[in-house]
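Data block below; observations after.
Chain nomenclature is as follows: A, B, C and D, assigned in order of appearance, with residue numbering initiated at 1 for each chain independently.
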Amino acid sequence: MTKRQTTVKIFVTGGTFDKDYSEINGELFFKNTHVPEMLELARCKLEVEVGTLMMIDSLDMTDADRRIIVENCRRANEDRIVITHGTDTMVETARVLAHSIRDKTIVLTGAMVPYKFGSSDGLFNLGSSLALVQTLPHGVYISMNGKYFHWDNVRKNSQTGEFEEIK
Amino acid sequence: MTKRQTTVKIFVTGGTFDKDYSEINGELFFKNTHVPEMLELARCKLEVEVGTLMMIDSLDMTDADRRIIVENCRRANEDRIVITHGTDTMVETARVLAHSIRDKTIVLTGAMVPYKFGSSDGLFNLGSSLALVQTLPHGVYISMNGKYFHWDNVRKNSQTGEFEEIK
Amino acid sequence: MTKRQTTVKIFVTGGTFDKDYSEINGELFFKNTHVPEMLELARCKLEVEVGTLMMIDSLDMTDADRRIIVENCRRANEDRIVITHGTDTMVETARVLAHSIRDKTIVLTGAMVPYKFGSSDGLFNLGSSLALVQTLPHGVYISMNGKYFHWDNVRKNSQTGEFEEIK
Amino acid sequence: MTKRQTTVKIFVTGGTFDKDYSEINGELFFKNTHVPEMLELARCKLEVEVGTLMMIDSLDMTDADRRIIVENCRRANEDRIVITHGTDTMVETARVLAHSIRDKTIVLTGAMVPYKFGSSDGLFNLGSSLALVQTLPHGVYISMNGKYFHWDNVRKNSQTGEFEEIK
């Protein structure tokens, strides 16, 4: 076995994962990412570096935003990258990344429910993604709710909200 | 890529993971495992089957208990097994398993803090372990707090409570 | 001391208190009330009876809705009533109740953050309200975040989101 | 109505309320009180002042400890005092207080489960107690799980763990 515990880069882009509840107007909004707090709760001993690229709903993500993500993944020293991302267009960002970057392992993940909601799947998904990024070969993957998918074999079922294999 | 989303077996043995708080005498004790409830919170879409082998503190685990664990791992139809286990003797059980079973991927995991404590790392560790068991080659591993270890390259540091590589 | 541990009626009308997060469209919505679950968590030994009158945002509450609330409070056998309510128009409902019912103790309460969010004040407010309804003389009151107000001496400060005395 | 929103003093003495889980040895222990954190979660707008007198299991509370509690209650400027206390000897401390102090409203409260456990009743009990201390006449009371008791009309049922009226 040639396991190396290399540093993992985590890029934050927003999504359900990081939504907060506004006490003033009762709406969901983005403040700061909860990823560092989640890593602390997880007592994460893996060396990770967290960087926030944007804090947006993935439905609002533009081509320009995706170029920022690609550019940051390319320039990162690490070849193991986890990206937190809204679920609605996660597959699209994965495709863009796969077309641009071939020499890194990139795992996109998110949550069905905001982390700040007690009943979030976020911590579980983050745990899975940090494991996958250490063990999967170079490529772009999506990790949600215990399953992982190659970027070109997954879609979000808009009825059920679940990710599923195409083939 | 030849990923197969096979069923994973989860064997529960107790440990910090599953400790409950007794309202009567103020002590920690074992009632039922929280693994199914954790999988539900995780919205786990991976096919898993949970079986409880015992509900004990790993400091109380005897050779006979370990034989039960080995026997159940051997007889399981699945070749991908996650075992929840107390952290104190997790390494010892991993060693016993590694000496008996060579044709399966077995990941032992636990928690530093009981799941029922709000601040538990359990959900994160379970997420990691279910990812690792799908991606690592046959062998016996320990997964804790974002890192994973080959069974013969890990010890629990009793001062810090952390798992660390020997070499 | 002539304390009587009479049954308390809890009427649910919705509000932030009871909002859930939709995993499908990422919006907040009403499903079922969480009050029974909160009472269980509270290990509440006070005899209470929970009835759901409506599940709405208090900004959407109409005069007809308020008549339903008044009518139910009037017809209730109990003279001690707690009403869970959205904060935005809580003061208005309190006023309507005060003009119609004089022989009962009615406490309106709510939450700044939905109960299902880990960081909710809901459980605290429910605890306060159930105490106040047992100890305050007949009248209509608002109970939020450790303070309580007579219905005609309170407003919600829309800037801060806080309830405050008028005089 | 002559409600005054006076400052309330909260004295912390330990008890289940404030127990933490040790990640090193898996035992429950006292570190710091969680009362300020609870008040923050509650978004408590009532003026309170928190003072820690001791951090002990109420089974370990001695006569000397109780004298410290009495002395601090007597010397407090506030005539409204909440005391967090282990449940096992809460009734005894209430009795000692009642024999010494007659011109204040003192409410003792605690929790069946530590606050740091997700499933704690602590926040609810704190909410009740802060309401009771504002509304009850001078005297010493116990507030647990939605009910309150005059100090001389309560016992802890050691079978069920519940507080109940004697008469």
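General remarks:
Note that a residue touches a chain if its C-beta (ideal position, glycine included) is under 8 Å from a C-beta of that chain, and two chains touch if they have at least 3 such contacts.
Every value quoted in this text rests on a predicted model; they were computed, and no experiment measured them.
Note on interfaces C-D and A-C: more C-beta pairs are in contact across C-D.
In this assembly, D is the chain whose CA centroid lies farthest from the centroid of chain A.
Measuring from the averaged C-alpha position of chain A to that of chain C gives a distance of 39 Å. Mean C-alpha position of chain C lies 25 Å from that of chain D. Chain contacts: chain B has residues 23, 43, 112, 118-119 touching two or more partner chains. Against chain A, in their complex, chain C makes its touches with residues 16, 19, 21, 23-24, 26, 28, 57, 112-114, 116-119, 161. Residue ranges of chain B in contact with chain A, taken from their complex: 1, 3, 5, 38-39, 41-46, 48, 112, 119-121, 123-132, 134-137, 139, 143-148, 150, 162-163, 165.
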